[in-house]
Amino acid sequence: MRGLVLAAGLGSRFKSEKPKVLHEILGKPMLWYVINNLRNGGVTEIGVVVSHKAEEVKKAFEHEGLRFFYQKNPKGGTADAVLAAKDFFASYEGYLVVLNGDSPLVSGETIKNMLNYVTMVERYEGKRVSALVLSAYLPDPTGYGRIIREEGSDRVLKIVEEKDATPEERAVSEVNAGAYVFWAPHLLEALFQIKPSPVTGELYLTDAVNYMAEKGYEVRLFRAKEPSEALGVNTRWELAVAESLIKLKLVRFWAERGVTFHLPETVWLEPEVSFEPDAEVFPGAVLKGKTKVKKGARIGEGALLVDATVEEGARVEPYSVVERSVVKKGAVVGPFARVRDGSTVGEGAHVGNFVEVKKSSVGPGVRAKHLAYIGDATLGKGVNVGAGVVFANYDGRQKHPTTVGDYAFIGSNALLVAPLKLGRYAFVAGGSVVTKDLPDYAFAIARPPLEVKEGLARKFLDIKEDES
Amino acid sequence: MRGLVLAAGLGSRFKSEKPKVLHEILGKPMLWYVINNLRNGGVTEIGVVVSHKAEEVKKAFEHEGLRFFYQKNPKGGTADAVLAAKDFFASYEGYLVVLNGDSPLVSGETIKNMLNYVTMVERYEGKRVSALVLSAYLPDPTGYGRIIREEGSDRVLKIVEEKDATPEERAVSEVNAGAYVFWAPHLLEALFQIKPSPVTGELYLTDAVNYMAEKGYEVRLFRAKEPSEALGVNTRWELAVAESLIKLKLVRFWAERGVTFHLPETVWLEPEVSFEPDAEVFPGAVLKGKTKVKKGARIGEGALLVDATVEEGARVEPYSVVERSVVKKGAVVGPFARVRDGSTVGEGAHVGNFVEVKKSSVGPGVRAKHLAYIGDATLGKGVNVGAGVVFANYDGRQKHPTTVGDYAFIGSNALLVAPLKLGRYAFVAGGSVVTKDLPDYAFAIARPPLEVKEGLARKFLDIKEDES
Amino acid sequence: MRGLVLAAGLGSRFKSEKPKVLHEILGKPMLWYVINNLRNGGVTEIGVVVSHKAEEVKKAFEHEGLRFFYQKNPKGGTADAVLAAKDFFASYEGYLVVLNGDSPLVSGETIKNMLNYVTMVERYEGKRVSALVLSAYLPDPTGYGRIIREEGSDRVLKIVEEKDATPEERAVSEVNAGAYVFWAPHLLEALFQIKPSPVTGELYLTDAVNYMAEKGYEVRLFRAKEPSEALGVNTRWELAVAESLIKLKLVRFWAERGVTFHLPETVWLEPEVSFEPDAEVFPGAVLKGKTKVKKGARIGEGALLVDATVEEGARVEPYSVVERSVVKKGAVVGPFARVRDGSTVGEGAHVGNFVEVKKSSVGPGVRAKHLAYIGDATLGKGVNVGAGVVFANYDGRQKHPTTVGDYAFIGSNALLVAPLKLGRYAFVAGGSVVTKDLPDYAFAIARPPLEVKEGLARKFLDIKEDES
């Protein structure tokens, strides 16, 4: 099955330097959704008509197995865009799905149902459907083309653009959603018959549909499951609306598979995120990329995950960021923690508030609960990292690694100057700067003597009258 | 007044290991709301029919003064569930409210009004209402049982399940909300008369209602105040919807009592949180447990409070977490601060960004404005805690306390090794490690000599050509 | 053109110590919106009737060029309020716009259109409109006054308060939005003719309208563009609803000018914030005051900006706070950073997690990526600030400045005791306390010797049987 996506539009209402179809919805270009929906609808060969900033669009989708066609005049109109791709279907005796690149909400299910419909009509009515037009009922159809149907049937008499509509036609609330299935030979015939609009000079695809209807070809309509499928994304406001709608569908998909979401409107969820049952997602959480949340794991308020894996029963506490890292079973990260760049937080470990873990492996049961920086390090199991500890991995020229053995204790405000290797059960006294390796069970301390001068604070502090 | 809650369902669409009625809405099990609403509606004796994972449900509500009944077959149907509790009402000459355990939105007010209704009918019409059925008009009634009423009256002719409905019946948009008041003796009679469904083998409570209607007993309907009361929670999507609705009701309740909320859809509010007038809650704030927010206090964006008390005029700044702690009058916490485990932030004190306060009492007027860990400590009034200060309360084996006298000054990056006692107006120089007690007015410093080697930095840093 | 705002109401349903019209919507008093809308509608001279806590209201708007009028009895009714300002229009031969101070949603466009309407009627129909009443159709008109119009025309027969309405009148869903344009001489005449309500003793402005209609003066209605314009803010719930609506309008305004917003419902946006195209705002971001976001800048999830400037291509990462500061081109702030009090983050600089910058200038290319406090400092270009570094700017009595030369390297956990001046390429070894100025290229270290005692850790740590 073949499908053609019209992605040549200028998108001038986006007021952007980026082509419209590359603007992102939930972290993916808008066009990604259209292609994905076509594939889910059973379309295997996909052509894309580009024009405006064609190279950018082609580059963004270069590994997707698409065929690109170039429309010389991006203002040539929708039928001109289809004609630009005529090599794609000129010798094709089959059905061609045609979608707009800014219609990310026409679902795979709808496409599949439209294709089923034409097959069924062929089989049971013995008729070939020349054009099947996706329609939707909108409470406010302003701005959309209206579908004038034969009374009491699914047959389309014509599609009328709003500006050309009579008052009666304008009162029709069934609109053209801009998605079609065409019998390719009839489409080709129609495209060569229609004339440019005398007003705009554009060739309209709806004129091709109207040509077929007038000629007595079978033109039918197919009602969209949800009116929102008709939403074309022409402004960034509509982009935001589409994004919210697609996100709620994703949330609902997962909620029905055993994931608990709290205040779903506030949650961000990208299409390649996956879950196991009894995962729980709290308000304002942000799940991006290929994040995986396993059984019973909890993603706290405002936690932000990018390509993260959160294993069974682990908890990412509120306002924590986990990027390209793994939080193992039963571990706790946060609140206010950041784990990034290929790090691992081991089973049952606890990385607490104001702690950053970068390119590090934190062993099982490690406790680093407050204000610390752990970078380029490997920590064994049960290590205790005190508050204010810094793994000094950078010497002004390059980064160096640190290794810490099992059950080592690193006192608060200690500084570990990499490269460094601490043995098992090594003990670093608080405030010490460690610049050489420590064997197992070694105790290390670097501390100047404490001088106490009685009464001298009076020199440095204003003593309040009533307090002195 | 007696009420019976049917909480035996398997909730298989939840795909959970936890019984459906224990899934939480705003931090409380769904069943808590049903019981709470019954009590608010004037029901004093409550029975609960359990089956699936009965022990878990009973345990979660063991101190609530409920009577539990066990339904052998959780697929026996709603009438079978009621029969399982027949000891609860077999000898009861009175009205019995029957609710589903997954109907947390049937409000206490509605229950009270239903009970008033039957009383009024008894008093003024001299009739006993055998069954009063809660109904709601839904724009899309798909999936619900339809109520067929006697034209122009409140009398119910029958309740028809959707699958058994004729096209005319299906067009009815008045549905059965699944909440009833029964005259107990008639309910009992009906339950013994009805037969299991030939299709599913289940005994339906609606058949009991229909039995009564057919027999000429008085069966009435009562319109729900809000259609949302009819929402049964069968999936986690519906759970999220119910949660959002209940939360907005809570927000509205408090907004009408003088609390300002900003972007209420983004705010999380649990049912036992309480406020005084002129409190103000900003977007994304999360208020849990028995949190109390007093007059004029402000809860900033994304601030998260658990069992916290925020006193008059105090401010919890954005992205701060306060757990089981008290923020006294006029104090400021955050942004990015965490106060936890029974801590107190004194009047007018300021705990600032990246500061954690754990099991500590911070005196009035204390300033700990940046990057610090204060744990197991008692700070007098007016103490200044510098940036990077750590109260080292853990020695690898156990926790120790620290006490700091009024107006003491603790310089930045200082480390206070507990157990420790600093006197009033004690002054700790920045970077010092303090390991022994300091008397009042003492000045303490522990600092190695600073060696400066001119030009030596060239050895460690790459000097840029154009810069050297 | 003149406009009069009735802002004398007690607002008792707000249950507040603050006058209702000073309650804030998106950081501005409600009354600010009404005045702003009048100005945008072309009204140049504005009078405000105050009563309850008049001085507070006058003070809040003292520099706005308004004329204030005092209503003695705040319960005197709307017409009494207008009469209190009769000096404002007694000798004015022109149109007077009259709005309620709690109607922030009547837009400037609507006011302009109402004024155009009366001008056009004068010009083309040769009639003077005595009163033009803003109307709206509400699905649920409960609580609003109904407009009874002459059939098939825009002429108002009367406005009926709900409590006085007949059942037929109550069925009307066209309501009085409470905004008017009056021909001043006719208004004055009417105000002197009407009588106080026998029930409440109040003088109603709608009675003045009805007087005109009865007398045969031209009374017309003007339909609001959006029904929400009729929303009067009488409770804090309605305040929250109005705030959300105004915010979404602001988002839409900017989205249509080339700004991308994600999940707009969760974003906070104040009316004086401005953007350049291709700026991007992520969920939960909070933009306050006169914040400016330039071309291609990104404001991450939950980032909070107050009077901030974020220059071209700069990024404020999630959960960062920037207050009264500038983030220069291409700089990155956060996640979890705080920049405040007139600070500047230089071009391409990176201020990272758990870093606070206060009253400081951070040069281009500076890297301060983890856990640091930079206060009262000036950093040259390319400076490296290690994790745990603190600029100790406060000595217990006063604040002192620090200057750091280009490309200096400040090792982790170092403490810089101000006042201090570090030269270019100065190198401070990790953990050092620096108390004196360093020349260019100097290397500075302050570090006690590290003592390592083999095996001694056994004394301090519990060695686990299976591990020793």
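Here the chain labels run A, B and C in written order, and each chain numbers its own residues starting at 1.
By our rule, a contact is a pair of C-beta atoms (placed from the backbone, for glycine too) under 8 Å apart; a residue touches a chain by one contact, two chains touch by 3 or more.
Just so we're clear, the structure is a prediction, and the values are computed from it rather than from any experiment.
Residue numbering at the chain B/chain C interface overlaps only partly, since under half of the positions present are found in both copies. Overlaying chain A onto chain C using CA atoms gives a rotation of 120 degrees, to the nearest 5.
One simple way to say how far apart two chains are is to compare their mean CA positions; for chain B and chain C this gives 30 Å. In chain A, the residues touching two or more other chains are 265-266, 284, 302, 319, 336, 354, 371, 388, 396, 409, 413, 427, 447-448, 460-461. Chain B contributes residues 13-18, 23, 235-237, 239-240, 243-244, 247, 265-266, 268, 284, 286, 302, 304, 319, 321, 336, 338, 354, 356, 371-373, 375, 388, 390, 392, 394, 396, 406-407, 409, 413, 415, 417, 424-427, 432-436, 438-439, 441-448, 460-462 to its touches with chain A in the complex.
Of all the residues in chain A, the ones that touch chain B in their complex are 251-252, 255-266, 277-278, 283-284, 301-302, 318-319, 335-336, 353-354, 370-371, 384, 386-388, 395-397, 409, 411-413, 427, 430-431, 447-461, 463-464, 467.
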